[in-house]
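Each of the next two complexes has chain A plus one more chain, namely chain B in the first and chain C in the second.
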Partner chain A sequence: MARRDRFDILTGGGLLVCVLAVVFLLMVGQEKNTSAAALDKAMEQQIAYQARIEFLHNLYQPVEDLRLAGQASEALLKLDELARHYPQEAHGEILQAEILLERGAIKESIDHYVRAVRLNGDYVDKASPLTRRSGIQQLVDLRLPEFAARTRKNPQSLALQNTLTGLYYLQSRLSGGCE
Partner chain B sequence: MLVLWGNPQNSGICVSCFLENSAGALGLHDNPRMQYLRPELVGFVLGAVVAAFLGREFKSRGGSAPLPRLFAGIFLIVGCAVFIGCPIKMFFRFMAGDLTTLSGIAGLVIGVWLGLKGLAAGVHIGGSKQKPDGAGIWVPLGFLLLLAFILWPPGFILQSTRGSAAQSAPVLIALAVGLFLGVLAQRSRFCVTGSIRDGLLMGYRAPLFWGFLIFLVSGLVTSLATGQFHLGFYGQPGAHLDMLWGFLGMLLVGLISVLLGGCPFRQLIKSGEGDADAGLIVIGMFIGAGLVQSWQIAGTTAGVGLYGKVAVMVGLIFVLGNMLFYRERIG
Partner chain C sequence: MNFFQNRYALIIILLLISLLTACQPEGTRQKMRIGYMNCNSEEETLKRFYPLTSYLSQKLGVDFELMPVDTQDFSERFAAGEFEFTHTNSLVYLIMHEESQLQLLATEKRGRYGSYTSGSIISRKGSGIKTLADLKGKRMVFGPQLAPSGFLAQYDTMLQGGIDPEKDIAYYAIPAGSFKHEKVVYGVYFGQYDVGTAPSLDLELMTGAGKITADDFNIVAESPIIPYCTFGASKDLDPTLVENFRKALVELTEKDVVSYQGEELKVLASAWIDGYETLEDSDYDLLRAMAKRANMPPYQEF
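Presenting the complex of A and B:
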């Protein structure tokens, strides 16, 4: 190994000073860090998410009210109106799916559930405040065997195939996985 | 077992998913459902570092074709993300009965085979040279920093509260499993594409191939024993039915892996052994992990979007172009 000269000693000393400075900054600098208050990104994200849920709740409250009052047609009209302002909003799709399901329009309901889950996976999450997991699970458990049998009997029916594909999609999302 | 402890279904180990989660945690993409600094990932590299030091195999080496390696790392993750999973996860999915993986397995094997043809025809991206300097320590040091972020998370680290990234095994268990697998992989040289390559070249005489078979059998036994085995094409977790794009995504991964000496998992392990070339691929994989989420390249259960398809084709153009550029012709 070559002998260390003055340059090596000076560089090594500088390196040591920098390492000690970093350790010192991390140990005592946290409390005085003026930017720390604005840097809790995880919390900011959480606050934004809670605000979004609150906004959705307020936005779609009239629909929920109409639905509770048994005025399903009016609720669907209100959803149409909101969809013109917020065309990519999954919450409208999920409410539409639920109302259509209550009215017995199974195929259309499945289509809307699929659209909602594609737009926002929170609806199949167990932990999400928006979750509709149990309802979707029930729908899949009940309707998948039925639509599979109907599609086997009518293999030419494109509509039935689309619904079945939608049910398989929901089943897959309910199974979990990483996406 | 990691799935039982809390990881997403069929994602006990998935290098590309872990990279996408970790890239999100570092702020490299903004998908709030895919942000979590996965301790397993850090464990793989640091486990390899420990094993390499103990086995006196830690050697700083590297210095060949840096930019192609960086981009190759990006495209490795593009291929995995379009398929939804790295080669390890693909075989775990297969062993859990997911038949949609058949297209990916075919793609990976054909990709490896094409890569071997390329090597035989003189394609050589360049060999690593041993370096007297500390080039090989920077990626392990980077992962040591990530370990510090896991243990003492600073304010800029993001963590999903919903989606698949919110599902995880307890930190210390995940870290311990990662370290154990890192040590094991460094000592055994385990590599999915390497096993397929050796199997194609030497058949049953290849030790790696036997190791791979043991890996498959243990995956199958665990799936059956834990009730996670569901045979079929439909309703599989984190899977899509875009067979062509699953095939092409994994073909891209197989091709790059053979030309650059290892699958994504092996690149992590090699970077822990001081291989700066592999380290550059790992950095590329991190960049790729951010891009596949930000640019909607990653496949979803609904299928592969336009950008995913374009990215796979661009990846194939990249790798085929490099096969022409880096071909050593005699005479």
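Presenting the complex of A and C:
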């Protein structure tokens, strides 16, 4: 085996430096790519969320207009019509819940609030542009003691039990509980 | 030894008795009749309620016979003892409760108001008829007279709004034959009448089915919500049977099925029902007040 001379050591050292430099550059580049991709993803989500809110506002604007004009019955029919194309849309459920509450259909209103919050937690999120937190809080504060008392008085009633369960669910979501 | 032998013999005898009573085959069981008020037609009533009746028979071990009954004849035939259980609209329940002490069993849930419903007064969009005051001098079509959400609720809403249907409108008609509620809606839609009285549930279902759109009509007024269709039981029945009947209804879920004519059918879906709920008779007080104001049975005075 021939002895390594100074030139071999220099060449080998230079080669090692080049390999290390390439590895370093690859690692740094990948890191930058990953953070750029994450930034893109977050921005995409934000844009999609803003677009969704804008879309919901536009879609349900006729319902809001009818409500403002005091035409709750026509607003409910409009919601039926929209539900044909967008069934299980949480925003439709929220509007339905609010109108039914105004009409005095309390149990059905609670059912719709529960469905809406199950579909989209934004409605109990203080920071969300969709938030309905204060309305839901008022409903729970007012109706929970009432339905608890009614259920105690009539423990056989499955309908009352169902409504009470719904109110407890809303209470739990308001306090940040998981499903 | 004798003591134990006797005890075993007694247990075996009791077991045999319970098996014999529990497994009564159809045809040898107690027979009872349920009168169902025809909503749209007899054919529709039979189709909707055979599976439910069959389910109740299986659940309660009683052979229930389904009897479709015309609305106008209902209270008279019930008073004559033609059937023991009733399924009617809430006004007919009220009449029989007053006249024959019919017991309230359970109230049907269907549509957005659950076990309640309401009546709407509609006009065609673009007609310019938007308020109760606009009804004066107009041609109007009502639903059948004993329909709480097709006649009474709207009649009362008009009275409460200062419009007397007997004096202030040009004339009113009631469609003949079956499917009266849809005839009212289409009568207004096609311009045969200026204004009509439709159950809000029918508007909801027709809109949901795409038969009409929300933009086709003005809702001139909507009544307060009142109880929907109701099951009742004769006052003379065995309280245990009545309670079991009520329980069977309120415990029904959308998953419950019944074997009917070789098929497994979903009971509630077959009957177009979302479920049943136990209401108090006092929940019908608003309807009572409406019937009194409108001078309708069971409070009609001549």
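Here, the second predicted complex is superposed on the first by the 137 of 179 C-alpha atoms of A that agree within 3 Å, B and C clash if a C-alpha of one lies under 4 Å from a C-alpha of the other, contacts with A are read in each partner's own complex, and residues count from 1 in each chain.
The rule is short, and it goes like this: a residue touches a chain if its C-beta (ideal position, glycine included) is under 8 Å from a C-beta of that chain, and two chains touch if they have at least 3 such contacts.
Quick caveat: nothing in here was measured; it's all calculated off a predicted structure.
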| item | value |
| --- | --- |
| Combined model on chain A: chain C and chain B, fit or clash | fit |
| Partner chain(s) touched by A:91 [first = chain B, second = chain C, both, neither] | neither |
| Which of chain B and chain C A:73 touches, first, second, both or neither | second |
| Partner chain in contact with A:143 - chain B first, chain C second, else both or neither | neither |
| Touched partner set for A:108, first chain B, second chain C, both or neither | second |
| Chain B versus chain C as contact partner of A:100, first or second or both or neither | second |
| Nearest Cα pair across chain B and chain C, whole Å | 16 |
| Common interface positions of chain A, toward chain B and toward chain C | none |
| Sites on chain A touched by chain C in the complex | 71-74, 76-78, 80-81, 83-84, 96, 100, 103-105, 107-108, 111, 154, 156-159 |
| Partner chain A, residues of chain C touching it in the complex | 112-116, 118, 120, 200, 203-204, 207-208, 210, 213-214, 217-219, 222, 224-225, 250-251, 275, 277-278 |
| Chain B residues touching chain A - in the complex, by the definition given at the top | 8-11, 14, 17, 20, 27, 32-33, 84-85, 154-159, 161-164, 166-167, 230, 234-239, 298-302 |
| Complex contact set, residues of chain A against chain B | 36, 39-42, 45-46, 49, 118, 121-122, 125, 127-128, 168-169, 171-179 |
